[in-house]
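As written, the chain order gives the labels A, B, C and D, with residue 1 at the start of each chain.
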Amino acid sequence: MTTKGYYGNWGGAFIPEVLHETFKQLNLAFEQAKGDPTFWQEYKELMSTYSCRPTPLTCADNLSDHFGGGRIYIKREDLNHTGAHKANNVMGQGLLVKRMGKKRVIAETGAGQHGVATATMAAKFGLACTIYMGEEDVMRQRPNVFWMEKMGATVVPVTSGSKTLKDAINEAFRDWVSSMDDTHYVMGTVCGPHPFPEMVAWFQSIIGLEARKQIINGFGKLPARVYACVGGGSNAMGIFQGFMDDKDVELVGVEAGGHGLESGEHAARLAGIDSSAGVAQGYKTMFLQNDDGQMRDTHSVAAGLDYVGVSPILTDLWEKGRVRFESATDKEVMAALDLTMKKEGIIPALESSHAFVQAFKEAGDLATDQALIINMSGRGDKDIFTIAHAFNDPSWKEFIRKKGEEYATD
Amino acid sequence: MTTKGYYGNWGGAFIPEVLHETFKQLNLAFEQAKGDPTFWQEYKELMSTYSCRPTPLTCADNLSDHFGGGRIYIKREDLNHTGAHKANNVMGQGLLVKRMGKKRVIAETGAGQHGVATATMAAKFGLACTIYMGEEDVMRQRPNVFWMEKMGATVVPVTSGSKTLKDAINEAFRDWVSSMDDTHYVMGTVCGPHPFPEMVAWFQSIIGLEARKQIINGFGKLPARVYACVGGGSNAMGIFQGFMDDKDVELVGVEAGGHGLESGEHAARLAGIDSSAGVAQGYKTMFLQNDDGQMRDTHSVAAGLDYVGVSPILTDLWEKGRVRFESATDKEVMAALDLTMKKEGIIPALESSHAFVQAFKEAGDLATDQALIINMSGRGDKDIFTIAHAFNDPSWKEFIRKKGEEYATD
Amino acid sequence: MQLTDYIRKRREKKNILLMTHLVLGYPSFEVNRQVIRQMVENGVDLIELQIPFSEPMADGPMILKANQESIEAGTTVKDCLEFAAEVTAAYDIPFLFMTYYNILFKYGVEDFFKKAVAIGIKGFIVPDLPPEEGAGFLQLAGKYEIAPILIYAPTSTDERMRELAGHARGFIYCVARRGVTGKQTDFDKDFNLYMSRCRQATNLPLAVGFGISNKEDVDFLTGQADIAVIGTRTIRLIDEHGAAAVGPFIAGLK
Amino acid sequence: MQLTDYIRKRREKKNILLMTHLVLGYPSFEVNRQVIRQMVENGVDLIELQIPFSEPMADGPMILKANQESIEAGTTVKDCLEFAAEVTAAYDIPFLFMTYYNILFKYGVEDFFKKAVAIGIKGFIVPDLPPEEGAGFLQLAGKYEIAPILIYAPTSTDERMRELAGHARGFIYCVARRGVTGKQTDFDKDFNLYMSRCRQATNLPLAVGFGISNKEDVDFLTGQADIAVIGTRTIRLIDEHGAAAVGPFIAGLK
């Protein structure tokens, strides 16, 4: 009996017995990689030649002036290859897969970014690849599905449960318990059974390591606050780790407020009061569940935040008061996205836009000699169908209508 | 009478008298910027904090092994903010606009990448923005249109002529001859009247400067060949400039072969035999035109290559034998795109894929201790409608059909 | 332990015992009731009652669907406990609870044990609770004398099997193959080797589940295992032919 | 130069001359023929014949459309030259070619001049050929005694106007405002200032074009300019009311 893989009261590895050896091997490979300085070197090299690391830290002058408070800096994970921070984790796990000698990868995906990143990694590393994706997310993120398939991955729409991220995770586990001999499950966020939270957090820490250096270089001192959206929590953990020991830097996680915390239609686990401690999907954390322990339906305009659980590491940091949690509603998200596009020429993903909302609410409270960083976890290109729909764009609708008619007669 | 702005027999500034003073001012601003080392510094700083420069040079191991010849390197302009090399030029011109104190920018766009980049720059620099885009390209590149509009630009579909890039250029000039007092025309490629070819080439030279350093670092020596697609010629000029004085580096420009050179439906100006010297759109070059001097309809699956003229600088280099020109057909382009996605997890824009085609044809001819560089001018996300259509993807069609029906009842 | 003794005694008369499985509240408690009666009347030796959970990670499509539809139809944990109390009172064979850990966790693990004791439940199968995470659970199982059924898998090493044996009571649930519930299993040489490894690792009776669906499968297991577990097969049967089909099916397995 | 002389002489009798414009082959050469007859019969003093070009960068939507439709209908440069020969032979007023430089360039600039001389064309207006690019053109214009009509714009500085005057022959085409053909022009104080700057820069007659569409405009120009140029207005008139409407319209301008 070990408390390895626990963060305070949270975490663990609640795995079916059939995966016991698989996790043993994975833990070993991960520990070896962590202990091997050439591994991190290889990882950094890969990320700087195949992706675009270090990603820039952009000073958003117009937004800063608009809100008239602290300087707003944006950490540009959108400029990663495949368009989101998910690439960091996936490429790191890809190197581990190579070391373990496995030939196939599987993954769950919500927004599709993790699926695209995994399909990309599989193509680059010559691995077979299957991606599980909730049917609702398949609809919301169709472009990403298309690209996954074109990169040679098989995308399996998951029709069980709420047809979103949690169900995709279940399905990925169902695959893994039969395929573990040659297959690695590339968990997409800092959730799931140990060692995944620690492993994903480790790969994502590259964001915070860079950001800390960059803000000191660019602004001359540490930021007052750092904002990140929280789905599973990987981009948040990624940037937060750079500032964890800087006690004066306030860390703010922003969850999906959906139609509002009071509506019940949201995915706020730590910012709201609808969650409670539970064990599911292989780990212990705060879940959105009913009194029986059945998971509840969640809602967010952002597929990547629409999840019942949250990283056990973040739950611990929340419990200890190190990270403050807030939520942003779908409506606030669209407004923040609109403003960011118009003021800075930058298109955050719907997920990332949640972090922007909270930063915008609070930027005015900071003094002009203070700074804040928003982690822009990804770009919004993938969200074109959702965004165009939400903005009710008539020419987009007309375009789709015509295309649809063209295909109707096929 | 001056020969300024000429490259051998090509170039010049064939502009309406009403723009005489505007060009004088522009030439002056450009000359001053070129002579001012802080300008280039400011430009590089902007590109490294707002975009992701230097962009990586990726070694494509799988493709290299697949073709079994020279090592294939890919210069990753797709990782620029907005997804293509167009950002380099636009941000540079944005800095010039600031210096000139103008308040509005206009631009033509073909693939929409230059339009998106210009709209982005306008948002960032607080400028009004109008984008002219051929109606056919509006259809082909709808996602880009949507983003331009969301960033606050007005997109004007151009219905005259062939409804593609050349017509958008004409319309932009028609705007400019009335608006020049407060408006700068951000020409998107190394064409048009002097100083545009020189100016755009200068900003794009950042690609080649980086690539030369990177290949020497990564491969230990210069490449045997450098491949770039050629629409107007800006990405090609961008990378070629890094190797111009390296006489042993062969430079290869790849034009749109469309349905084949013999079909007449292509946009091969220098690789084919259908073009002749002419003067239009403000400069002298080889145009696809008939015996009367009327421009011909061109065709390419790639909106950004579908153009009747070509950079006067490239025409000169072609005439002098410094750059070899080839063409790639639409069909070859789809195959190269498919292979690149599957082998490397990289999605080149349809334009860029032309360069991949030619590199793939010739990679096997090189020795394994030689390298070639492909300039990946942009990413393929923008092309999803065209690519999904070309691959005849049934689930994409089904998705669009359903969305279309949803909007039909609106 | 009482459960082990029951199995041993019963085995004196039978070459192999039958354990069946059902998802509580699916398709309804009324059908559960009919099915259980037929099972018992046709000689089933143990019954696994699955309390539905929204995230049944280790179950295949059939049982997954049953879990979800039961919950959607309004089944609560309280309903399940009441129903269990009814059937344990009505029939004189051991009933076990199968469910995922969150159901216990949210109920309060010790409260759940107390309730199970009160109902007369003999064992718990919790597929997502390995002993590394189950220290408290195992201790309570001892305290309340409810058998914690642990699981062997073909991927378990001999060492791991011995370790699990140290924590298990009642019997060992040997998963016949990799994967989730509901798929066919190849009973081949590898399987024989696996069963002999299981035997060597523990003195507890061995139940074999996953993919057992007909008389041939049961016959094959006879001599190698103490208990054959019929899971998905009866759920499918009821879906297709109704509760009344269960009796003849069970009868035909012997 | 003969063209300047013609204008001066004609101006002795008229306060302001009229120059009209048409796009060759639009809507057809037959309509061009009727229109020209009516123009001449109603006292037009000079006629600009635009040889259509696929990229008429300096033209607005109306003339752009005329250019394109003419080309689409099959009009060739050869057709235009033949038609021009016909009308120069038929009418005793000066005809000018207006077109973009590529038409001359592809034909061969010197060949084009020779042909124009043979036809009896008096001047060329090439809006995309500034003198910086037109050294050869200007030299040939001198050699073949065809007036190279240069353009002043409101954006031209005094210095630039003087420079252009040094190259121009025949008359100066003063563009009334920024922009392309076909939009309304405000004839205001700024315009008066512009015209007086034009006057000071050159001794050549001044034609004013862009946005002149009715008698008031022409009256306003009288005294400031030597020639009023009617462009888009007649094209629109013909589109809407047919060739027969041109005569009365022209008559009404005086």
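The definition used in the following text is that a residue touches a chain if its C-beta (ideal position, glycine included) is under 8 Å from a C-beta of that chain, and two chains touch if they have at least 3 such contacts.
All of these numbers come straight from a predicted model, not from anything done at the bench.
Visitor: Where each step is a move between two chains that touch, what is the least number of such steps from chain A to chain D?
Guide: Minimum step count, chain A to chain D: 2.
Visitor: Report the connected components of the chain contact network with chain A omitted.
Guide: Leave chain A aside; others group as B, D | C.
Visitor: What pair of chains has the most C-beta pairs in contact?
Guide: So the pair of chains linked by the most contacts is A-B.
Visitor: Which chain's centre, taken as the mean of its Cα atoms, is farthest from the centre of chain C?
Guide: Following the centroid criterion, the farthest chain would be D.
Visitor: Return the distance between the CA-based centres of chain B and chain D, expressed in whole Å.
Guide: Those two chain centres are 37 Å apart.
Visitor: Could you put a whole-Å number on the gap between the CA centroids of chain A and chain B?
Guide: For chain A versus chain B, the centre distance works out to 33 Å.
Visitor: Take the average of all CA coordinates in chain C, do the same for chain D, and state the distance between these two points in whole angstrom.
Guide: Distance between chain centres, rounded to whole Å: 97 Å.
Visitor: All pairs of touching chains, please: list them by chain label.
Guide: By the stated definition, chains touch in these pairs: A-B, A-C, B-D.
Visitor: Quick one: in the complex, what on chain A touches chain C?
Guide: Contacts found on chain A: 1-2, 12-22, 160-161, 166, 170, 173-174, 177-181, 276-282, 287, 289, 291-295.
Visitor: Can you check the complex and tell me which residues of chain B touch chain A?
Guide: Residues of chain B touching chain A: 48-52, 55-59, 62, 76, 79-83, 119-124, 126, 139, 142-143, 145-147, 149-152, 218, 338, 341-347, 381, 384-385, 387-388, 391, 393, 395-405, 407-408, 410.
Visitor: Which residues of chain D touch chain B in the complex?
Guide: 53-61, 64-65, 68, 71, 76-77, 100-103, 105-107, 127-133, 135, 150-157, 160, 164, 175, 177-180
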